[in-house]
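By written order: A, B, C and D. Residues from 1 in each chain.
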Amino acid sequence: MDLAGSHILNTTPEVVWAMLMDTDILARIVPGITTLEKTAENEYKAVAQVKMGPVNGSFSGGLTMQDIREGEGYTLNVQQNSKIGNANATVTIDLKPVENNQTELTFDGEAKLSGLLARTGNRVMSGVANSLTKQFFENFEEEIEGKGGKG
Amino acid sequence: MSKITLKVNQKSHSHDVEPRTLLAHYLREQLSLTGTHIGCDTSSCGSCTVHMDGMAVKSCTILAVQADGSEITTIEGLAPNGQLHAVQQGFKECHGLQCGFCTTGMIMAAADLLERNPDPSEEDIRHGLEGNFCRCTGYHNIVRSVQWAAKSMSELVN
Amino acid sequence: MSNKYIGQSVKRVEDKRFITGKGRYTDDIKLLGMTHASFVRSPYAHARVTSIDISAAESMPGVVAIFTGDDIKETGIVGVPTGWQVNFKNGDTMKEPPHPLLIATGSTAKHIGDPVAVVIAETYAQAVDAAEAVEVDWEDLEAVTDPFKATQEGATLVHDDSPGNLAFDWELGNPLDEVNAAIDASAHVTTLEFVNQRMVPNAIEPRSYIGHYDEVSDKYTLYTSTQNPHLIRLLMCAFVLGLPEHKVRVLGPDVGGGFGSKIFHYTEEALVTWASQQTKRPIKWTETRSEAFMLDAHGRDHVTKAEMGFDGEGNVKALRIKTYANLGAYLSTFGPAVPTYLHGTLLQGLYTTPKIHIDLCGVFTHTVAVDAYRGAGRPEATYLLERLMDLAALEMGKDPVELRKQNFIPAFDGVEQPGYQTQVALQYDSGNYHGVVDKAMKMLDYKKFREMQQEAAQNGKLLGVGFSTYIEACGIAPSAVVGSLGARAGLYESAQVRVQPTGKVSVYSGSHSHGQGHETTFAQIVADKFGIPMEDVDIVHGDSDAVAFGMGTYGSRSLAVGGSAIMKSIDKVLEKGAKIAAHKLECAADDLEFAEGKWTVKGTDKHIGFGDVALTAYVPHVYPEGLEPGLDFASFYDPANFTYPFGCHIAVVEVDKETGKVKLQRFIAVDDVGNVINPMIVDGQIHGGLAQGIGQALLEGAIYDDYGQLVNGSYMDYAMPRADDLPMFELDRQETPCPHNPLGVKGAGEAGTIGSTPAVVNAVIDALWSGGHKVKDIAMPLTGERVWRAMQSS
Amino acid sequence: MISYPFDYVRPESVEEALEHLGGDTKILAGGHSLLPTLKLRLSAPDKLVDIARIASLKKIKKDGDEIVIGGAVTHREIMDSEIIQKHLPVLSEGAAVIGDPMIRYKGTMGGSLAHADPSADWSAMVLAAGGEIVIQSKKGKRTVPATEFFTGFYSTALKDGDILIEIRFPVPEEGTKMTYQKFTQPASRFALVGCAAARLPDGSARVAFTGVADAPFRDKGVEEAVGDWSEATLEAAAQKAAEGQNINADHYASEEYRLHLAKVYCKRALLQLVN
């Protein structure tokens, strides 16, 4: 499953970068994440509760940041396991300053799904991806506006 | 466990079942009515079709507890007096079956179809059976079987 | 003999139980003390089991036992075998990696659903619940699913000892340099690169097995939804579990469709049998549809480049083919044979092509095993030839029917005229190819269709007609021939005809019916040959204890091979019966003729009935000296050749100009399957075959993603024809008897599937050309999007 | 296939049903959206609350200038209802293309809307017919226009503790025409693309899509462009179909093809209202 998108965030790349490197904030804005614990430098244990339509399950696994380019972006590797299948996503995140002190956040990557998720989910998977993306940016914006909201 | 009481093929039954028990499982396991088959897990194939309170339903997508108080007819109860139902007869006359696995569900669906529409066109029949898979017949003789049954039933009425 | 039944559309005797819900499929059977199995399966296409923890599962309610791959490994059971060995061109032995019953720790799962453990519990629900509690740690590895990519440098290996993922490479036909020269010398060469996509057989009855070990008798019983109970017994006993064959009974009760997918001796069959001995309890396993999608052997899956050379007059001069055939991760029972001996040998088609060469790679990938799926190899060959023919006609501006007819092999009956020797090893038995085409064209009313098509095009509608002719090799097969080609079994059939003292007849057939109506067709033959009512004949099959031996049902062989075995036993009964009759009538056996159920002294009205002779055989008070009592004969029939049904199929379609959606309007099939015993049943076989072939053209196809996940593994995602996807079929028949079997029959089980697929695709292409879209090819299945894109790009 | 264990209750009234909600509870009406997902073990609710037999949810009625369909009314009942055939024939015709006959006997409009499958047929029709969803919780009832009901992928305005009790439609003014046109996904028989459209007597349009994006939606761009309903303006309007939407893609239809289908089916729907 391809994961790609971009969004203009209403703050500077510096602020966005800081937020992206702040695990507390990440835990709040990444849809579904309930806990994010640091296990090593740039490595985290992540637990997610995904409630989306017919799916209601808990996922757990790890999250690693690689290829960190200060202020510009990094590559995120997410491994999540559950009873209905596992997901392994690698997503490259890039930040680019745009006019009016705004930031364009672009991400591009791929998620590898297995088990039931892969087998019975194809019909709706692009909907899942679109929906997660939408939620992620909504949460991000709310966070920027200081609401600290969660999807 | 939940207690259910229902009538199957004119006979009353009462059992304790786990709520997650499907009607299809209940019929097959508890009542040994194995003419109701299970061919898929997505409510697609129609092999498990039975009549519930006079309607054709997919018994793999109904919990036994949902059927509490209902009247169920399975393929075994379609011909109560040993006399074949016109649809059963039609399937035999027109070679509407091969391996027989989808057949019982197909017959139950077709019987319901004719109940609502005694004089269906070919298109009505094909549309009416879109919830039942058959992998053997290419549907050709199934359509003919239902046409045969419709004719036979109308002759019976007239 | 009389002809009261043969040739008649006798209603099926088996129907009664099926239409009343009394059919008995394996999952309908309950044994005392029966337990249920559920498997723990790999979610990955390629992953190493790093650890497996059953402790939580073991303490779940109702759990009787849990076995893992490590347990199996300890027993020394290696796995299930293939039935064919196809060696490399250079003589190297075929790669035949083990296909374990369960994946052990440290080993790798090689397709999604590959099992690592089995949980046996008191109830089905408990087994499922506990299986979920088994914890497996996986090391997820790279997978390869495309047979071409799998052979390329750097591709990940399915089996460490199979470089290039090759099980074998193989060639057939004329020397390559001769074929190259003929292609080079051609005035026109039509080229197609295409995928014959992977099909999911989808028998509506999911596979179901019950293993039952009985301690008292030390006997094993396996109930299995299989097409060939004896073959399963042979493979399981001799190659997998090492059990004494006489202590194992395999029962194939009513089986809800097979289409090739129930030939394979699956790991689960051996596993429930073995585990039952461990637990001393009967064990049932019935797969879910999700499992069926993942695990039942798939069909087709070829990646092909084909080139056909013509001279200036449109005569075919050469055919050159390179194919990568996907075998899946493990070799199924017929896996190696399907793309080679059931495919390469059919590339002559109905044409006089003088130079043919096929080069083929049998490739391992991280997908489930490919086996014989209805038609098995022959649909792939027909698709290739008939797409090339239609495309060549379009490219050369010729009529597609005329181009075919111009290249047809002339009619021959195989008796007066010899059989036709092809460039690809086979000798066709008898054929009249123009005959079927002419019949079909009359049904179509070709001229009128072309007028309608033009008119439609003027009104902005896209109508198309597509043709296909085919030949297939059925009635498999002469044992010596298949033996020389790598078969590890003979492909004869057995039949026992037991005349009871009262003159009733029990027939024990090694063929197995899973929808084909053997109980009717076989009884028709026996009743007519003995001149007795059909009600007096009982057909027994599917029980290895009752039936001496059998090779099962596939490859349209039941009547041609199994029926011929019955004929042999019938002849033996009649021959012995004549001796008894002669003794009673006080004449020589040669003076008797048998007809209408009685032996009559020629030229007199002195006679004795079949029943009287039967009784005499068992109450031999007045009896020929030296003759054994009884009237009971078993026979084995090994065919002299394959049989070669053929036919012509025509599809008429309308393509929605805006959406690309294809509507099949008409389908005409004129098939020649030799003599016909029961026309109703034969038509039914054709109908079903057509639906599957049309399904491949328009709707079906397994889709693995790059990671080896089957992304359309459910009926919500895998489109299969439903009643409203198909029209009424228009059928007719020609009967050219098979010269080499006693019934003159050729086989009808696969014909519909083989001929129909290219006819539909050709029709869609024709429709597009009628609207000015000069599209050469569209990949199957022809979904709305694919057809729409083809129109966009032309 | 068997789901995780759960408890089951069948209350007699909506009020009683509301008492059972809370925790990980799912509402069961026809069960034809819910049970397949439970069998696949996609979720593990503690309890199912069966509302299928609550009499007040089983009614189809005309209530002043509104048509009311109860939350547990089945597709088949809608198909056969004289009230619906008279006032909102589009729903009756549309019901006939949902699933298959057996599914239509048990599946409910309320269940389908609550499940909010992005390809479900009802959603587009309810949007185009100007429907409103009546939701009851312990706090009382509230009415949500269909345009605000579908909030995203498989998500709706329903919150934990809510029951969808009715769908209300304005009785269409004399001269209103509606249609539902669907390209059927050949496997699932859901809408690969479905377009429902209404033409009101004042010449305005309501156009809604299902199957196209992560949630069904009303398409203002198309609605505003229908102009005088001439073939030319309709053609142009259809070209605006799904503008600005995130188009779904799957193995059966790419983004590009789905968008194309949306335009084609939009045009077909609009033309249907002219002829």
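Going forward, a contact is a pair of C-beta atoms (placed from the backbone, for glycine too) under 8 Å apart; a residue touches a chain by one contact, two chains touch by 3 or more.
The structure displayed is predicted, hence computed values, not measured ones.
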item	value
Two chains sharing the most contacts, counting C-beta pairs only	B-C
Whole-Å separation of chain centres (CA-atom averages), subunit A against subunit B	48
Centre-to-centre distance between subunit D and subunit B (centres being mean Cα positions), rounded to whole Å	28
Sites on subunit B at which at least two other chains make contact	18, 20, 25, 41-42, 44, 130, 132
Residues of subunit A whose C-beta touches two or more other chains	83, 116, 120, 122-123
Junction residues of subunit C, two or more chains touched	124-125, 132, 288-290, 711-712, 714-717, 720
Touching pairs among all chains present in the structure	A-C, A-D, B-C, B-D, C-D
Of subunit A, residues touching subunit C in the complex	83, 85-86, 88, 112-116, 118-120, 122-123
Subunit D-touching residues of subunit C, taken from the complex the two chains share	124-125, 128-129, 132, 288-290, 658-659, 661, 699, 703, 711-712, 715-720, 725, 783-785, 788-789
Contact set on subunit A toward subunit D in their complex	52-57, 83-84, 116, 120, 122-128, 130-131, 134
Partner subunit B, residues of subunit D touching it in the complex	1-8, 10, 28, 31-32, 35-36, 38-40, 48, 50, 52, 76, 99-103, 105-106, 188-189
Touching residues on subunit D, where the partner in the complex is subunit C	1-2, 4, 40-41, 183, 185-188, 251-254, 257, 260-261, 264
